[in-house]
Amino acid sequence: MGLASTLFLRALTLATVLILVVFFIVIILGATGTSDKILQAMVNEEVMMLRQSLAKTIKDPQELERVIDVRRQELMEFYGLTKPWYVRLPDMAWRVLTLDLGKARTLKTFTGGNKVSDIVMERLTNTIILVTSATIISALIGLVLGVRIATKVGGILDRISSYMSAISYAIPTWWIGIILIMVFSFLLRLFPFGGLYSTPPPSDPYLRFLDMLWHSVLPVTTLVVASVGVWVYTTRTIVLNIAQEDFVNAARARGLPEELVRRRYIMRVAAPPILTNVILGLATSISGAILTETVFNWPGLGRLFYDAVLVMDEVVVIALTYIFTLVYIVARFLLEVLYIILDPRVRY
Amino acid sequence: MPVRFNETLQEFWRLKVSKVGVAFLTILVFLSIYVVTSYPLDFGVRYWNNPAYWADYPKSAPPSWVNYFSDQKLPEHYVLVYDKPSDIMSTESGRTLLYIFRLDFQADKPPTFISFTLENLTYYSDPPTARLNVKRPDGKDIKLYEYIAPAPYAGESPPYMRFYDIPKRISITGDMSVASALARFLLREYNVSIRPSEVNSIGQHTIVFSVPGPNKEFYVLKGEYIFTISIDTYDPRDNIGKVKLVIGGNVYGFMGTDSLGRDLSIGLLFGFPIALFIGIVTSTITTLLGAGLGIVGGYVGGKVDEVIQRVADFVNNIPLLPLLIFLAFILGQNIWILVFLLVAFGWPTLTIIVRSMVLQLKSSQFIEAAISLGASRLWIMFRHIFPQVAPFVFAQLIFFTPTFILLEAALSFLGLGDPTIPTWGQILEYGFRSGGIYVGLWWWIIPPGLLIIWTAITFVLIALGMEPVVNPRLRRMK
Amino acid sequence: MALLEINQLKLYYKTLRGIVKAVDNVSFDVEAGEAIGIVGESGCGKTSMANAIIKMLPSNVALYQGRIILDRINIVDLPEDEVRRKIRWRYISIVFQGAMNVLNPVIKVGYQIAEPLIIHAGMDKEEAYKIVKEKMRLVGLHEEVFDRYPHELSGGMKQRVVIAMALVMNPKIIILDEPTSALDVSIQAQIMNLLKKLKRDLNISMIFITHDIALSSDISDKIAVMYAGQIVEIGSAEQVLLSPKHPYTQKLLRATPRLTGEEKPEFIPGTPPDLVNPPNGCRFHPRCSYVMDICRELEPKIFEPEENQKVMCWLYGDKK
């Protein structure tokens, strides 16, 4: 079965990449001594808790120290700190894979907890909301404009769009965000400076939703402005190339109405290459998300990355590197599934 | 080959984008050369990141030309320096050196600080005393500050040298004794009762330059101010090298200052050679590595090719920025590590394309001819194959440069740049982190971005101009 | 009255270099059940003529006039919408050059063949599919091809699909533009046999366009030789092949290699004419061995040296 085997192979390849990346992360951590630091911190954390609970029962300070030392030694053995880092590789790799990385050094969840996995997971949705809406809007604008321009090649719109596309390549996404804040938040006071909700957020769920929407306007605009030029240009080019294909002409010769030709013979055939461009732009979307969230203080994974780097919270940095890779790989796989569904030529 | 090169050069020059691009590039190169030859190479560490160096600069000040556009004149920044006294008075105990600073103040807002600095003091008997006085346009005199130089230490013999290594900077602003003196002045001259702590919050500099209103507001007093620093010395050999008075302004320079008082025009200038360096060096290494691996893989084939392909595939399958952030974070913030990382992530795209080009070339006849002549593989790869892919590779080099410049800017913005080197991304990072965008410090935020864009566009234009050269199908038919 | 009468058809394009007279005053008739072969070099205007017949005009048309009479309607004057709904595929269908790329790559082949039925005739899928499968059998395709995608088929199979597609609405005329030039010789033979069979069984008319006069002779009842946008000779297959009148036709035939005999094939000297600035007078005169003074000045009239064999050449000037 062509479809299933193609998908399976692809899933396998991507999973391998993920695992290799995790190993790569772990090796770097080991070789630079960072994993030692982290595990040591986890040991110290446990010892401290032990000390607090034991202090209530064991009154003799020497006895207390002895018990704690024993436990500490046990813990160091358990976490593998007594052995060199490369022996710990598989264990560390598993830890990263399952986000079992203990507590963050200084960062906290929205509710005050500090387990790394919690901190990371609660922000995942925010990032997904931002990126998905920006992508959909860019795609819609890109497709509509791209198709329109493709039918009027060489016109003014065409020239403008290719210049804009070239320029938008040179403009840093995050700088657009900064400028938007200066103009629309500082100067014109139309939109908030950042964040997800106003403080305090409205209690009514409907108003809360609108509040979030209002806060999302500038960040989404930033992402859209940065990528729409490319969308329009690539759509236009792809549609143009396909419109000149023989089978389009043949379809007209068969007396098929122009509307149908446009839909089924141009757009439907253009869908796979356009999708390819989306896949290629996926890494850029992730970078864009990280930078835009930082600028707008949007509480997603991107902003978390910036905060973690700022306060040197290694564990969170590691967790995020992994999560981003995971998100990238999953998104890529889903898109490739879509591609295989759309284009029968790649199935084997 | 020379003929072809000439022809391609002509083809390139024909387009308007190429001309504009090359013009921009020339400007960038000239500015970079100027910076590299006029500034020390450790400028970053020694001056830029050294807050003491910028102590006498106004903080977060817009450029001085904004005064042309607003009716409210903001005060300029005045730095008045003397290395010889304006006058010397003889007294019974010695000489008094007088340094007289005249200032015609016409701004609509008071200055932002007042400070004076003494440098290179040598004395032989009793330590000199320095006093700061101001005579205001309304005729009123204020004794602002009195300072006695440090006495000789145990075991020290004359001449006593002070403030040679580190100049003595005395800030009038924030000084409580000055605040008390001003409070007394206000009560005496204007019958305004105000506590020294209030003087301190309003700012000693403000009070000096204004007239009080009935409700403890202060209105700027315009006119000529005469500041006198008098130094009483007790030995005719006593000497002071430099006396500086700074009346802090609210505007400064060509591009303004940041919140540390750093002159942004210098910081921005320094960014030019850095940006070019990062962009071109990284791009060159990446291109050579990527093309090299592509040629070797494509031509040699077999296991070598497999390995190269797998690695390239793997790198292509990982998201760039998160891994870059991770590695920069763990491995450290150093410009060379950055270059290394960018190269490590950049080579696969080129390798894959070059490899497929080489695969096509491999079966062409002139290669077969070369093989039959007994040429070695290395020879063929470099003398026959490389020249064929060279135009494309060169175009990619140009095209990659803005990418790397932008990537470095992004990483710097996130705080992962090399802190010893001022780049535009770093200037923006600091501006963002200190909240500059929320208070509208546009001169800090807009220029670095524009410069990044301008540099990137320069290379994009040149790359666009090279496209027909590289892609003969796009050449115009004669 | 003939099934299709083409009279003084002109199709000119606007290009950067000037006006291309791709089809310049072409006239011929097609009877029911008859195959007419249009033979000529590349660039002589054959494909333009095919497009002109079904009014598939490009955007840079300079002139399109003449009469294409089908069932007492002049296609030239018919509005685009009506041509699309009434003429194309119902009356005239076309098999394009290069079957490699005339099928939509992402839609199953069976559906593509059925599409005109569903759209034009308003049939529902069941009916349409039945007819499609019937046509597929007719062209010798196995039923399972129905669910395949174009890239899964060989060149020959794709060509059969395209032919099945052309037949699906039982048109009266099929135009075939170089239907075999992209195929292997062995497949070529198969397709030609198929076409001959179809012509016989369905009594369908064909306009068979090719540069290969030998191929044309395999199936055509009439042959028209096209040069520089004009038909320079037309007659029955025997007439044109066995007693060619126009010097160009003669040269074409002599350029064909023969299985028997000692003669080597000849080539035609010179280059194909520029359709923007064709030569004065007779367009073939720069390459003609029999050129006379009048050929350089005046465009030849149409003469009829034998019954039903017409030729555009001053050599036959006194035979009318």
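Annotations for the structure displayed:
A, B and C are the chain letters, set down in written order, and residue numbers restart from 1 in every chain.
One rule holds in what follows: a residue touches a chain if its C-beta (ideal position, glycine included) is under 8 Å from a C-beta of that chain, and two chains touch if they have at least 3 such contacts.
Keep in mind it's a predicted model, so treat the numbers as computed, not measured.
The most centrally placed chain, judged by C-alpha centroids, is A. Chain centre most remote from that of chain C: B (centre = mean of CA atoms). In whole angstrom, the spacing between the mean C-alpha positions of chain A and chain C is 57. Centre-to-centre spacing of chain B and chain C amounts to 73 Å, using the average Cα coordinate of each chain. Rounded to whole angstrom, the centroid-to-centroid distance between chain A and chain B, based on C-alpha atoms, equals 32 Å.
If you check the complex, the residues on chain A that touch chain B are 13-14, 17, 20-21, 25, 28-29, 32, 34, 166-167, 169-172, 174-175, 178-179, 181-182, 185-187, 193, 282-283, 286-287, 290-291, 294-295, 305-306, 309-310, 314, 317-318, 320-321, 324-325, 328-329, 332. Residues 245-247, 249-257, 260, 264-265, 268-269, 271-272, 342-345 of chain A are the ones touching chain C in the complex. Looking at the complex, you find that chain B touches chain A at residues 314, 317-323, 325-327, 329-331, 402, 406, 409-410, 413-416, 428, 432-433, 437-440, 442, 445-446, 449, 452-453, 456-457, 460, 464. Contact residues on chain C toward chain A in their complex (touch as defined above): 54, 56, 84-85, 87-90, 93-94, 96, 98, 101-107, 115-116, 119-120, 149, 151, 165.
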